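As structure tokens, the structure follows; a few thoughts come after it.
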Amino acid sequence: MSRIPALSEQLRKLNIEQMYENDFFLTWDKSDDEIAAVFAVADALRDLRERNISTKIFDSGLGISNFRDNSTRTRFSFASACNLLGIEVQDLDEGKSQIAHGETVRETANMISFMADVVGIRDDMYIGKGHTYQQEVADALRDGYETGVLEQKPTLVNLQCDIDHPTQCMSDLLHVIHAFGGVENLRGKKVAMTWAYSPSYGKPLSVPQGVIGLFTRFGMDVVLAHPKGYDVMDAVEKVARSNAEQSGGSFTKTNNMKEAFYNADIVYPKSWAPYAAMEERTELYGVGDFDGIDALEQRLLQQNAAHKDWECTEEMMSLTRDGSALYLHCLPADITGVSCDEGEVAQSVFDRYRVPLYKQASFKPYIIAAMIFLSKVKDPASALEMLEARAAERKAF
Amino acid sequence: MSRIPALSEQLRKLNIEQMYENDFFLTWDKSDDEIAAVFAVADALRDLRERNISTKIFDSGLGISNFRDNSTRTRFSFASACNLLGIEVQDLDEGKSQIAHGETVRETANMISFMADVVGIRDDMYIGKGHTYQQEVADALRDGYETGVLEQKPTLVNLQCDIDHPTQCMSDLLHVIHAFGGVENLRGKKVAMTWAYSPSYGKPLSVPQGVIGLFTRFGMDVVLAHPKGYDVMDAVEKVARSNAEQSGGSFTKTNNMKEAFYNADIVYPKSWAPYAAMEERTELYGVGDFDGIDALEQRLLQQNAAHKDWECTEEMMSLTRDGSALYLHCLPADITGVSCDEGEVAQSVFDRYRVPLYKQASFKPYIIAAMIFLSKVKDPASALEMLEARAAERKAF
Amino acid sequence: MSRIPALSEQLRKLNIEQMYENDFFLTWDKSDDEIAAVFAVADALRDLRERNISTKIFDSGLGISNFRDNSTRTRFSFASACNLLGIEVQDLDEGKSQIAHGETVRETANMISFMADVVGIRDDMYIGKGHTYQQEVADALRDGYETGVLEQKPTLVNLQCDIDHPTQCMSDLLHVIHAFGGVENLRGKKVAMTWAYSPSYGKPLSVPQGVIGLFTRFGMDVVLAHPKGYDVMDAVEKVARSNAEQSGGSFTKTNNMKEAFYNADIVYPKSWAPYAAMEERTELYGVGDFDGIDALEQRLLQQNAAHKDWECTEEMMSLTRDGSALYLHCLPADITGVSCDEGEVAQSVFDRYRVPLYKQASFKPYIIAAMIFLSKVKDPASALEMLEARAAERKAF
């Protein structure tokens, strides 16, 4: 049965005018209506595709991807989203370690965008750089459009920065919404966003930050747990506190993993690097002190090793609500005895949640496509209805 | 004149139900009807394209290519096949030497396939690994589909593994069918699949194995010739013997190149590495013994050098039926005096057969497209007729 | 208001029969009518896209790009042009330094082109090689088509060679035409194509050569200025002189930058390497003398450093007509105090011309698309009218 009528009706009630021709940097830049609209359009696009109805709104046009860090999953999600909408992907391969400035950013942004409808950027390597870079690109594109250089204003989609990972966290949340039977059922649920041990160092902070910045908007009790010294960005904690206050939920912190897991409905145990260490690393990188970076890495690995008990074991899971919290991970996880000797999660826990984890990931192409759709289509509700009425087959025979 | 009516009629007589939603690993997994269907659809797609009729059956969707070894020709053939059908290619670039296992294979297979209609894999580097890896991926994809992670079941197409090279050998055979004026004319023809000298070592076995595993199905007399010690996989020789028995042809072996060429209608002289040596290499690789690999390489090069007389010279060609056997090669060939000092084939022989060789290669995009078509379209005969009736122009003006 | 009726009418008056199924190597291979046709079609395609009218003339097909040197801008321009017309890009990644010959070129050209409608090549690294290579590929493709290997004749588009850079220089000129309000207003204008200092060495000659080979066709007074020893190819100077004679303009040379800038309407100050040095470099490369190449590089950098006064400063600009000549650059420019300490242009000059410079670059995708269009469409005037009448939306909602 088609979900389009209900989703279109829902969209019409939302105030989403500001999304048109706009960018997507951080979830907390967006209103609750705008966040709801992304979920509604993502569900609608998936519903259409499941019924073999084409969702192409473009006949041609380019989607530029700029991955300033290795990526397979997000790369494929972006390519899938563009393909869903009829845009062809063109990769911009910059040197990974290169941090471009000013003139170069502005010029490159315009030079690659003459036919671009969307530019997706992943830049999460250096604290204080990724988000700034994305804003520079977006400013350059807006300027290029306004001065007549570009014939359309490409939408910038943040595919992960140093502050937030909106396409990941919104996929995570849409998965949660489906798992709990609707966004209205999230109120009062306990979410444990916890650090977990990994033998690798320096994993980005954007996932825990994104999760506390987004999940606190839905009246849930969000607990951020990590060993002492593994703090995330202060500014994002402030966002989380403010969100919780407004949504009637809560945001608390603990250095005790068990406390976080206790009676949790949702757990998201995942390694990350201390924010302060990542700032230090960025400064070392800035002055080219690679010996200093190596020393920092060693220090961080030792620091991590002191917290091997932060693992999502069966015992930990048994502390959660009815012993069956929804386990989340952005993947790939460090699975004890599988991908490493000691890691973030026990094999038996991971195995039990494999299918839900894969489903969690499966929302990302639709979330990205929804972000693009909402920035490109003036009346999304009608457009979805017309796509359904047009009923062009995705696969002809 | 349209070939569609005749080819559709032929397709309707074949039992090809099992091809729908299925994969393509090895030609000997497939029935004679299924092999015939691939040829028929390949011819039909080519016929339509030659008459500027679009063969796009997809409006969107991704074709994932995973080349675990360098490739230009097969990469372009796969891209061409996907383009023919309306699927956009997205490359998965894994590290070349990386042999992933279990969890990683399963997870990656799903993560890249949310919008994938087809996954094409080339993995021919290590004996006992390539085919196994492809099966692991296909199992993961089937599982992903059945558990609701994937909205469609991507078809796996073997673009070369350690055992078979079905898209190559079926292109070779379709070329032969055209050259001899129909599959019915192949009965009784003599085919010489022979080793030939090359200054490089370690060329894959998948081509000779694929050829003896496929060509023996058509009542031909297939001779496999190589110097002592250059044996191919025993399991594939068994397939060839069994095929020959059933088809009323023969499969014989010799260590004498001239004997193989004598009165041959078709010759396929090509270098490959001894199966036993390739097994040894895989083991050395498995334990990380790179000095051992270098030593093996030197030994193999010396062994090769003892057989420089295995060259497809004019004198050799003069032994064939009327001195004018059809010369086959998967390209690129090692041409004496052109790409190397001493190689697989004399320049004058190669030059005389250049156009037929290029035509031989030109079938590959259509063979791949046919494999995808047959796995995606429930009623291929009607679909071809409808494509012709729809008559959408590939080039508009 | 639609420009299509006027542009179609203009096209109908031009003798462009020879463009159909033809290639584009050098602007001076083409008649004045053919050059005018490229500009007309580029303007028409842009006009249609600006009005959200699809310009797809292909439903499928491949555009092969072969960049034998790093490229971002031209890569994206080619991808944009193909996307405009409905062709999917497939990159051929050859080793950068590899100079293939004979058999390999012919074979590879055919193997990648079974579904190719266009092949775009950038090969500007070695004097005497790039253009020759492109011709070899085009000959192979023509031969492949004529012998029935290829079902369509792919069009070769020169994306930069050692002699000319037609897609760049035609974009430059179309920008000039728009800036001066029509090609009829170019007569008598003074153009200064001048060398400028850059801290890097060995920049290609194809831009200055392309500019003097093209701009001299429009009755302008073209001055080529450079320090002694920085001569360009003699053959191209001859083309420029002959063009100037026929068009009623002039082509002169000077070693004085100020003289060139004096009363100029258009200035194009840009670094390049001496032709003789590039010939030497090619020879050193040919014999594998990498020490010699390093020594040559040092010599050239020293030679460059003697000419740091060749910079497009405000003082230089004040010499031009009303102090406001149109400043051109193919980008990226070496901007003093921005991308280098001392460079081709002062920051304040560059900043003032940034928007026009970006617009200059924005014509390239349309120029490339026009070259392809004219080689693929038999009656371009009617095709443009039909595209407008068809009025397929590029973006649906």
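As written, the chain order gives the labels A, B and C, with residue 1 at the start of each chain.
One rule holds for everything that comes next: a residue touches a chain if its C-beta (ideal position, glycine included) is under 8 Å from a C-beta of that chain, and two chains touch if they have at least 3 such contacts.
Because the structure is a prediction, the values reported are computed rather than measured.
S.K.: Enter the angle, 0 to 180° in steps of 5, of the rotation superposing CA atoms of subunit A on those of subunit C.
M.R.: 120
S.K.: Is the contact between subunit B and subunit C built from the same residue numbers on each copy (over half shared) or from different ones (under half shared)?
M.R.: different
S.K.: Using mean CA coordinates as chain centres, what's the subunit B-subunit C distance in Å?
M.R.: 41
S.K.: Two or more other chains touching the same residue: where does that happen in subunit A?
M.R.: Where subunit A meets two or more other chains at a single residue, that happens at 56, 88.
S.K.: Please give the residue numbers of subunit A that touch subunit C in the complex, ascending.
M.R.: So the residues of subunit A in touch with subunit C come to 56-62, 64, 88, 90, 92, 102-104, 107-108, 110-112, 114-115, 117, 144, 147-151, 376-379, 382-383, 386.
S.K.: Residues of subunit C touching subunit A in their complex?
M.R.: 46, 49-50, 54-56, 72-73, 76-77, 79-80, 83-84, 86, 88-89, 331-332, 335, 338-339, 355, 358-359, 361-362, 364-365, 392-397
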